[in-house]
Structures are given as C-alpha cells and as structure tokens.
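The next part holds the structures, each set out as structure tokens.
Below, subunit A partners subunit B and then partners subunit C, in two separate complexes.
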Partner chain A sequence: MSTSLPKEREVDRSDHIDQPGTLTGSVLPTALDRSADFWRRMALGGLAVSLSFVVAAIPIIVSGKNPLLAYWALVRGACGSVDSIAFALNKSTPYILAGVGVALCFRARVINIGAEGQIAVGGIAASWIVLSATALPGELLIPLALLGGACAGGGWAAIAAVMRLARGVHEVLGTLLLNFVGLLLVSEVLHGPMGEVGAGFPQSPLFPEQAWLPPLIPGTDLHIGIILAVLAVFVFHLVFWHTPFGFRLRLLGSTDAAAAYAGVSIVRSLFSVMLIAGALAGVAGAVEVLGVHYRLIQGFSVGFGFNAVAIALLASLNPIAVLPAGLFFGFLETGALAMQREIGVPSSLVFVIQGLTMVFVLCALGISLRRQRI
Partner chain B sequence: MSRDATQPESVPLPMLEMRGINKRYGAIRANDGIDLSVAAGRIVGLLGENGSGKSTLMKMLFGMVKPDAGTIRFKGEILSDHTPREAIRAGIGMIHQHFMLVDAMTVVENVMLGWSRAGAWLRREQVAEQIRQTSRTYGLELNPGALVGDLPFGHRQRVEIVKALLRGAELLILDEPTSNLSPPEISGLLVVMQRIANQGRAIIFITHKLGEVFDICDEVVVLRDGRVVGRSLIANATRSGLANMMVGREVGSGLTRIDRAAGPDVLVVRDLGLRDASGHERLHDINLSLREGEILAVAGVDGNGQTDLVDVLAGLKFPTTGTITLNGKNLTRTTVSNRLAAGLAYIPVDRGTRGLVPGMTIEENLGLRDFNRPPLRRGVWLDHGSFRKQAKANMSEFGILASSPDTPVQTLSGGNQQKVVVAREIGRKPKVLIACQATWGLDPGATRFVIDQVIALRNRGGAVFYISSELDEVLMLGDRIGVMSNGRLLGVVPRTEVDITQIGLMMAGSGSELSTLR
Partner chain C sequence: MDYPVIIELLTASVRIATPLLFVALGGVISESGGTFAVGVEGMMLGGAFGGAVTVLVTKNILLGLLASSISGALFATIIAVATVRFRTDHMVTGLAVNIFALGLTSFLLRGLFGGKTPVMVLPTLSTVRIPWLCTLPLAGPVLFDEPLMTYLAFLLIIPVHLFLRRTRAGLTLRAVGENPSAAFSVGASPEQIRMVAVIVCGAFAGLGGAVLSLQELGTFTDGMTNGRGFLALAAIIVGRWMPFRVMWGCLLIGAASALALNIQGWGLPLSSYVIQMTPYLIALAVLCGIGRKARMPQAIGKAFIRN
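Up next, the complex of A and B:
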C-alpha cells in the first residue's frame, strides 16, 4: 500500500450527482496513493506545528518577552547537547509506545483512553518483579520485568474490554475509571508493601543495578527503551497495513455491520486490540521505572496516558506517524524547562503549544480524516 | 384537471419558473441550462436515471444547494440565495426520500418541530385538530397521537406530507415517494396527490418509474446528463418514447433467461424462527428449499422480516428455532466465514454500511470477505499482489468503472459501488446467492446489470434467493415466487401459476387468502 508511486490526477467521469457526499472525491485525485497521502499529511502536520508556534508567540509578547529568544532557548534546551537529546528521547519513549497502542484502538473505533492506568500498573508490575527477583542476572531480569509490565498493562485493559463485551459498559467509561484506580494503586503499594522504609517520599527502594535498562550510548542517560519504541512503531505499522489482523482492525473501524459481514469476530478483535494497547502501555510504564527512575515513585507517569491519546490523534491515528508525533512532544517538554530557566517564560507555555498543535492538526486533517480514515 | 394538449392557453400561469439553471461539480455538469415551469394545480413528473441531475435541480429549488447560474421565480418573486427555511416560508415543501422525522415523538410533535407558527408554547390539541382536518381533506388517515416509530413507512410519508401542507406548501416536491411502498400504498398516495393538485397546489414528482408517470402526471420533463432531453404533456407521451429519452438508448428487453430444469435441493430451511432481544417474533416458521439453477424470488414491503431472514441465512444473526442446511451440511449456527467457505454468498441491502467499506479501496472491498484465505492471505501476511490481480480481473469482468483498483469506493457512483458488491459475491462462484434489494437505488442501466448477473449465475447452476420490494423485478426474476409478510414466507408458487392480485394482497398484509394459494 505504500510502495507504488503517486498516480496521475484523474477525474472519474462516472456520475456522482445524486450523492453530494462523494462530490469532493470527483474533484480530488481519486487514485490518491497511500504514501503520497502520508507525506501530504506530514506536510500538513508540519504546517500545523509552525502555526501553533506563531500563535503561542502572542502570550509571550504580551508578557513582555521576545518569542524568538524564547523559542531559541526551547530549541537549545531540547537539542543543544547530547544530554538534552538523550533526555528528550527518553521522555518520548513511553509516549510513543503507548501512543501506538492508542492509535490502533482508535482506528478500530475502540476508544481506549486508559493508557494512563495501564502505564501505572505496568510500572508496578515491573518494579515488583525486579524487587522480588534480585538474584537474577540482568539479561533475564530486564526481559522478565518488561514482560511483566506488558502482562499487567494488558490485563488492566482486559478488565475494561470484558466490561464492554460482557456487560455493555462503554470502554470510554471503563478505561477512564480504571485510570484513577491504576494511579491510586501506585500510591497504595508505595505506602504499603513496596515502599522504601524511612524515605520521605512515597517511593520504592532503588532497583538492583543489573535491572537498570542498559544505556544505548555510553556516558549518556539514553537507554535502550527508544529502540523498543521505534521497533513497536514499525512492527505495528506492518501489522496494521499488511496482515489479516490489521485488515480486521480497519474493518472494525468502519462499521460493526461491515465487519460482521466480512466475517470478523467483533468480540475477538476488540479484545485483542485492547490487549495489545494495554501491553504496549504496560511496557511504557516498565521502561519508565527501569530506565529513568530506577525505582517506582509516586506520580512517575502522571499525564503520560493522556499525552499518548493526544499523540495518537496528532499522528492522525497512523501507527508510523506516532513516531514523529511522540518525538515532538518529548523534545518540546524537554526544551520547556530551559526556556523557563533562561528567558523566564513559564514552561507551561509548552502545554499551550501542544494544545494549539492539536487544534491545528485536527483542523487541517479533519476533512481528510473523515474521507480516508480507513 | 385539463389534459388537453391542443389548447396551451388553457394552462394557467406558471407558479414556478426556473430558467437556465446551471450547476457544476468539478468537471461534471450536474445541471446544464435547465428550464422548468410548473403551473398551479398541475402534477409535473421529473423523470431521469440516477445522476441525471433531478435531485440537484430540486435541491437548488429548495435552497439546499446554490446554482451557478439561472433564475428561480416562484409565485412572481425571485428566489436567490435562499435557505430551505426561506423556501418553506415562500410555500415550497419537499418530501425527501429519507424522512426527516423523530421516531420517538408523536405525529403532532413531529409536525410542531421547527415550526415557528406552532408558537413558543406547545399547543398539542390545537395542532392535532389541524392535522385531523388536513388528514380528512386529503384522505391521509393519520392519527395525530401515534408514535412515529410505530407507523409503517407509508404513514410516515403522510406525516411528512401533512407537515409540508400545514407549513403552507403550495408546491410540493416528492422525491421518489413510491420507492418503498406496497402497491396498495402507492395507489393511496396517488389519490392523495390528485387531491392536493385539485386544491390548486402544484406537485413535482421525481421518479424513474414510467407507470406512475402515466397514472398521475399532467406533464413530464425528462432529464439526462444534466439536460432536459424531452418535455411533453402526458397525453402526447408514449412509454417507450419516455424510456428511450431517459436512458438515451434503446432499452433491450430480451432477458437471457434460459429454460432450465431446477436441480436437487441445495439450501434447505426448516421451521426457522427468530425472536429479537425484546422478545418480538421477527420470523415465523419459515420453510423453503432452494434448488440448483433456480431463483426463488420473494416480494414484500420493507420491514416484513426480509432483512432478518437474509441476515439469518447469511450468518449475521442466529435463529431462535429451526435449521439451515447447505448440501446436507448443517449451517444453522456456523460463522460467516464458514458459510463463505461452504459457498454461500450474500448481497446485503445496505451497501453503504454493510456491503462495502466506503473508505477502503476497490481492491480491498473486493477482498473484503476472503482476505483471511489464500490467495489473498499468504502466511501471516496479506498478499497485496493477489488483491490487485483479483481486482483487475473483477473490474474488467464486471465493468467497474474506476481509474484504478486503489480508488476509494466512496468516490464511485451508486451503480459502480453495487457492481463492486456484485463482483465480489458472484465473482466468488457461489453455490447459493442470497440477495436483498440488490437493485435498491440503482438506475435502470445498473439495475439491468445486476439482474443479468443474477440470471447468469442461475443459468450456470447457482441457486439464488432474491428478495425485493420491486414487484416487477420479482416477477421477472423468479422461477418460483413468494411473498414475505409479517415475518412469514407466503404462497411460494412456480412463476407460471402466479396471481398478481393475490401477491398484491399478501404484500399489503391481507394474507388470509393464503389458503387459496396452497
């Protein structure tokens, strides 16, 4: 689907006159190739990002600061040094992992907004494994912990999926409410069985060193999590576009009636996609505790899951576009602190930029999303 | 009502005059210099195939679409840049093919909805009285207190008509009003239309059914490819003349039905019953056996269990009682994919939300039901090459007009979309084809194509179960013919023994005569 070259612009002469909804299709190229479409969307995304920076300059100017200097500080803060790049990549990792899962779910019209809770329980499970199997060597312990995180995240999502399938509780409600439970569970275990005795802050004891994610570039903080994230993006890009399972998800994304007609088991597909998204979010949580904090701390993942939803939408639900969208969020948030430090523009301005980008991207892609979302 | 062609001066001054209406969509001229005038008290038929521009013209009249050029004069006043609301205020009413009614509200409430003259305070009784009055005048027989959701299709249409009349419509536009009605309902509607015209109101009647034009219209305007290709008083028109104008070619009549003795039973259905979630019986004791090389065609008004029956046969719903066997194999509770593998194809009624995925490409839609089997699947991967190959073969065999197999299906015309469905279902060379309203919303050319394909399949030895609310189609296609009414399959007889009156009665729900038909 992404191999052939863009086709000649052609106007289909068959009549559409009785169907106003399809009229745009006759004016636009009908044989729009998916890869051409992808680059067009990327360009639109870039435009949306630029616009959001322009608009975000207004509050900076109002506060008496120079937006160009502020943005320069932002850029330097994000990619001015190897350390800052490493920091930004680490920050992007959980966003990308969870974002891919959310994008897959949304594509299948499964509105899973539960990455927040799934990340949290993934972190708990990974921490628990690492803290209880301290004798194991790193080569075994790390995969085991990641797997544990995946299982916990998947299981957490499965609860919502079962509620939906067995009792008809909509997954928006199920996943949303389980988020609060998941976040509170982190506090619960830190104030209870997994808390470090005598620490002033709700946190677990430091993990044994062999459980820390190994650095990707020695001498920096950059850990191998980013490899997992990039791998997940490419694997699920392939799964989505080139396997029967992905085809099922896309069918599910159209209508239930069409999916059933095509012989797709809605129950099984919905369950699997939730499980996958949950597992990816769980791995994100595991990576965060194993690669960044080396311990479970309270609030280690607050906001990650909601950012993942934003990133999936920013990527217009295209698994492969989650990579640039996630990196954008990661680098932006990394640069924010430098901007605050150097220019005195509050780092929360970054949230304004994120929000504006979302608005612009959704506006720019809104029409094409409606037309070619499947 | 004058039908005298020789005295044009007796025709009253036009109520509506549309002059030189142009509308382009991209490279397509939807309307190209159309003139239309309608006089008070007249019924004007607007005849044309799908895509001939009649809906576009009416949408411009009703203010839903802006014309590129041309003038619209209604009762002496120019209408330009108007909204539907302004059109209604001026005295134009439009009955759309898809009703704009709220099921959960009563007739009175639907009439009051969005009607400024109903006042800021709801006066149900007063409006109900108005409805009763109008109902009496025009013979509509509406109960103002009834819930719209409970009304049969024909009555909902009447609610729309009352709505338009009470809002002061002097010109009524009826967009294919007869397409979902049973024969008795159609004659009822025609009586109502006549009464409306007798009251000095005018009607524009959009249709592609010639018979109705001759039954009711005073004059007829034929559109093709966005132009007026003919207009005439009905007294001067002939059926074949209008048909040829409409399609712009001679309509072939000889079907390729060959005489063919039906073979052994293929699909056997015994005592099938279906109860929905709320406990209503949707299907009762359906028994049928479908033989090799025959078409069992079933007539019936929409909503008498047809969709339930085909869904049950296709495996989208499981029956509450009874069995379905295909070549001796029990399929009653098997999945859709197993039925597909057993050779059961299905053309569902709704190509927009079930039969096709509009956002997917032609090749993906052609592979919609077989993507999980070789050759479209190779190991864990989809074989895009096979998708492409199959699509190219199907597109040329079934004449699907598109620039390439990766054209999204939603950009195709309705006829081409249905060709995709037909190509997929018949192209897989099924043992049994279940088809429900397979020609719904298609113009005569595309309808003909679908029918030819179904007959070709039957000639090759396929068994076809064909459900339609178009009686003509059922009579033309069926080797044996039956009627669905109230969830029952009635009076299945060979085509030589068909009694049209009985079929009409059974369709209209008076199935008590069933005993006389074995």
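Up next, the complex of A and C:
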C-alpha cells in the first residue's frame, strides 16, 4: 500500500438528514467537461444579449427616441464600412486579451476585477520603455515594450494576490482599490516625468514611429494587436483544457474538496492565475498605447476592466468563447459611438447593455445549475 | 498644526465620512444577512442621480431624499432577486449592477433632457447649528455645525446597532447570515429576509449618494461616486460588521482623505495625484493590517437551498 495516496476525508452524511437546507457557493459555471455544453452556452449568451437589447429599449423610449432606429444606426455604425470594422477590431483587442485572463481567474473562482489597473500600469511600462529606448529598431522595441507591459501588469496583479494569500484581503476589494491607484499612477507620470511639455491634455510625447504597431491591412487603422489577441485565446484554450495547470484551475473551480483531494496547491494556483491574468491585461495596455494612441494618455484604460469582466461572463468563462464575446463588445461600442453622432442617443447605452447582459447571463447560469441539481 | 487647521481637518473628515457611513450601514445590514454588498457603488450612484433629478424638477430637497433612497432600493432589488432567486454570484452580480447603474444614470442624464447634459445647480442642504452645543470647544464646530444628513448618518448608527443586537428581527437577520439552515428550522424564511436586507441596504446607499449630490456638490456628474462605495466596503471590514466600529472605519478613511486634501496646501514635494491615492492606499493598508482577524458572517456569499 503506497503511503503517498491522499487519505480520504471523512464525509459526514448526516448533514442531509438533519439540516432543512443546504448552502452552496457562488454560482459560476464550473463544468469540468469541454464540449458538452459549449453550444448551449453560446445560445445562452445570445439569448442574454437579445434580452438586454429588449430591456435597454425602455430607457431609449423614455428619452423620446425610437429604439429600432437607434439599433439600426448602431449596426450600421459598427459594420457599415471598412474603417468602422477596423476600428471595432482594434477596440476588441484589449478587451479580448484582458477578458481571457479574467475568464481563467473566474474559472478558478478567483474574482479578479483589477484588469483596469493592470492595463494602466502595463501601458505605463510600455510607454516608458518606448520613450527611453528610442534608438532601438522596431523589431526589438515592440516586443520589449509588450514584455514590459506584461511584467508590469503581472506585478500589479501579484500585489493583490499576495495581499489575498498573506493577509486574507479578499481579491475583489484588493483589485478594485488597486484600480484607482493604477489610474492615478497614469495621471501622476503624465504630470511628472513622462508628460509632454506644453500639451493641453495630460499625455506623453508621441512615440517614435518604429514603435507603432504595424498595420495588419495596409491603408486601414487595423494593427497587428488583434493577431496577438486571437493567439492568446487559442493558447489559453489549449492550456486550460490540455495541460495539468489547466486541470488544476478547473479543479479549483469545481469544489474545494475536489481540489484538496487532488493535492492542488490553492496558493500556487491562485498566484499563477492572477499573474497570467495581470500579464495579459498588461499586454492589453501596451497594445492600446502602441497601436491606437501612439502615446500614453490620461484615463486610456477607463472602463476596460469591467468590459473584461462582462466579456468573460458572456463567454461563460470559456477561454475560446472570449473571442466572439470580445468582438461583440468591440463592435457594440463602435456602433454606439456612431449612434450617438447620428441620432443623439447617448453612447452610455453600452454600459446599460453590458450590465444587463451580465445580470441575465448570471441568472441563466443559475437556472441551468438548478436544473442540473434536480 | 494649530487649532484652526485641526478644526478644518476634523470637519472635513466628518464631511467625507458622511456618505461612506450611510453606505456602510446599509452594507452592514446586507452583509449581516449573508449577501456581499459589492453593488453599493451602483446603488449609491443611483441614489445620487434620483435625488438630483427629483430636486431639479420639483425643487424640493425632502422629495429628493425620498427619491434617492427609492432609486437606491430599486437597483438593490435587481441584486436581491438575482442572488436569492437565481442564486447568482454575489460579487459579480454586484459588479454587473454597478455597470448598469453607471450606464443608466449617464444615459438618462442626457436622454431625459433632450440629448444634452443639463446644467445642474441644485440647492444644497445648509448647515444646522445645534444651539449651545455648537459653542463647545473643538466638538462644537466639528460635530454640531453640520448639514442635516450628517446628523442623520451619525444618529442612524444607534438604531442600526440596536436593531442588529437587541431586536428579534435583527437577530434573525444575523442568524440568516451565520447559518440559514438553523434560522429556517426555527421558522424564518432566509430567502425573504435576505431580499429585504439587500433592498434596505439599497435605500441606505441611495441616501449616501444623495449626500454627494444634494449636500456636498449640488449637482450630478457621470460616475460621481468614484469608488466611494468600495471604500465603504473596506470600512465595513475594518469595523468587523459592527455599526459603531464601522463608523470609526469611515472616519479613518475620511481623515485620510481630508489630510490628503489639506497636504496639498503645505507645499510638500508630492503631486496631487499621489495624494489622491492615499484613501485607497490607507484602506488597503488597514485591510492588510487586520488580516485574517476579520471574521465575516459565516454564510456570506453562499446561497441557501431548501431541501
């Protein structure tokens, strides 16, 4: 008899007789199998999105506009021209990158909502590298800046992870509060060492041209960041479903007992998943400054973190489904900006739809889980 | 530091702590019943908006306060239904409602007034001097020369404390937060109690928002709560879910912010952005300091299922 086998825990089954009710943890999807309900979840996401468009029509009507016209303007604005599609793809890129990380975290039941701060510091690091190593050629400078962004974002997430593991500070509060610090850090460097002298707006000087992310399709604004995002989705899809690390994450997401039984170190897994998510968000920040603005600007990451959470949820926390979910939100935002320009419906409708989608996805997951239980 | 500076600092601490205190008291009620109150940020924003718009239209501040607590409660209702009826994750549901509230208030602010942000200059609650008490040294100007809602916030601590510790309803609420099965076995309905607690939390948080829009600033701007709801959550943990201690938590964060505002005038070699970080950093530092000593309600964040 091998002594290395874990000892089976005693299970007190009297619970079920004595107690008039049971307690369950968070209702986040925790299925261990891959293909079983992928399409059902895609359908669920579609349903949640449609339902939120229906409900979001109410405030549009209240403000005296025709929701059908508004949505038509939104669709036209999102995919009406090559330019708008390029714009939407660029918008989706950081969302997808950060969304993959958040999905992995949630899957391991680590509620990391600090993507916003991680994106911010990732952007700072990338900008700093680009602005101080101007002599390097682009082939070297861009990877270096992306790497710097990843390190900074990972480090920022690590702070929250350490606070959680060493001092028991819940990661929700840790990451949330660090978001505000990260955003202020951007303002700080722009008003101090990295600010452009004489600019009316808090921003850094323009990056040297070799540091700009090259266009994917010449003649459009579409940069190669989207390739990175798609790559990240597929890599982490494989990691999640086909590696021991991914298996540990899935175990962590199922039950504490299962994870403990399999000898999963919660400390190590939590730390590494936060690090990965932070690094991905950091890359997102780097991509945003190198590919879209060509400089660091104040508040460039505002709203990105919650977008990432909404996308991860809409994807039902499935790394590969983050891709369509992220694209959807990118196109939605692009369309909303056009809708505001054309018929004067405020673009903050995006947040209304996002919030509603999240609520509906959560409720639908709750219902489906309840069915499974019975 | 001389006397006027100290008075100024303490007054500012109390002023900044006021909205946090409303939100934190609501959060204590919600979390005592076992529901994480991450959605308070959105409830607060909803309250600030509802109050501001009502006062803009009716010019009646009392109606505005009523409207703000109702708006806060409405946003809370979404969380109550989702977490209790659909057993959704408390944290993520709270976040979803925060985003929803941010979007809806920003949308309606423009949509209700013909597509453009209206210029809002609202009458604000003026300070009320308590006769005799306001002449006390130090305590007088700091505590007894404040606007109405500040008195209300600090007075509310007592009934909330008594409710949670001394009344049957309050004890049942806490029982539901600690062990819903046990509460259920003696005839309480954990689901119903949790929903009511979350909605009451929304009304409190809505009033906290009203403090911002109707007492402090006299206007509404997009996302004006700016993380205050989350700071209140930190204060709840600092105060270990006990109203009086939570008050000290709020005052601590208030003092940190007040000091931060005041330091800017001292000519220290610190930029205003670093200084603006202090409340968040202090909150994090205190949370780290408390560490695992914080004992939250046992069944918090867990859904109750009847067998």
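What we mean here is this: the second predicted complex is superposed on the first by the 328 of 374 C-alpha atoms of A that agree within 3 Å, B and C clash if a C-alpha of one lies under 4 Å from a C-alpha of the other, contacts with A are read in each partner's own complex, and residues count from 1 in each chain.
Please note the rule applied: contacts are C-beta pairs under 8 Å (C-beta built on N, C-alpha and C of every residue); 3 or more make two chains touch, one makes a residue touch a chain.
Note that this is a predicted model, so its numbers are computed, not measured.
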Touched partner set for A:Tyr261, first subunit B, second subunit C, both or neither: first
First (subunit B), second (subunit C), both or neither touched by A:Thr243: first
Subunit A residues touched by each partner, larger count belonging to subunit B or subunit C: C
Touched partner set for A:Leu176, first subunit B, second subunit C, both or neither: second
Which of subunit B and subunit C A:Leu251 touches, first, second, both or neither: first
Which superposed partner A:Ser81 touches (first subunit B, second subunit C, both, neither): neither
Partner chain in contact with A:Asn66 - subunit B first, subunit C second, else both or neither: neither
Intersection of the subunit A residues that touch subunit B with those that touch subunit C: 16, 19-23, 25-27, 373
Sites on subunit A touched by subunit B in the complex: 1, 4, 7, 10-23, 25-27, 30-34, 242-244, 246-247, 250-251, 254-255, 257-258, 260-263, 265, 371-374
Contact footprint of subunit C on subunit A as seen in their complex: 16, 19-28, 59-60, 62-65, 106, 111, 113, 163, 167-169, 172-174, 176-178, 180-181, 184-185, 187-188, 191-192, 306, 309-310, 313, 344-346, 348-356, 358-359, 362-363, 365-367, 369-370, 373
Residues of subunit B defined as touching subunit A within the complex: 25-28, 30, 50-53, 55-56, 59, 65, 225-226, 314, 316, 335-337, 340, 346, 348, 350, 353-360, 364, 368-369, 371-372, 377, 380-382, 384, 401-404, 406-408, 410-416
Subunit A partner contacts - residues on subunit C that touch it in the complex: 38, 78, 82, 86-93, 95-104, 106-108, 110-112, 114-115, 180-181, 184-185, 190, 222, 227, 230-231, 233-234, 237, 271, 273-274, 276-277, 280-281, 283-284, 287-292, 294, 299, 301-307
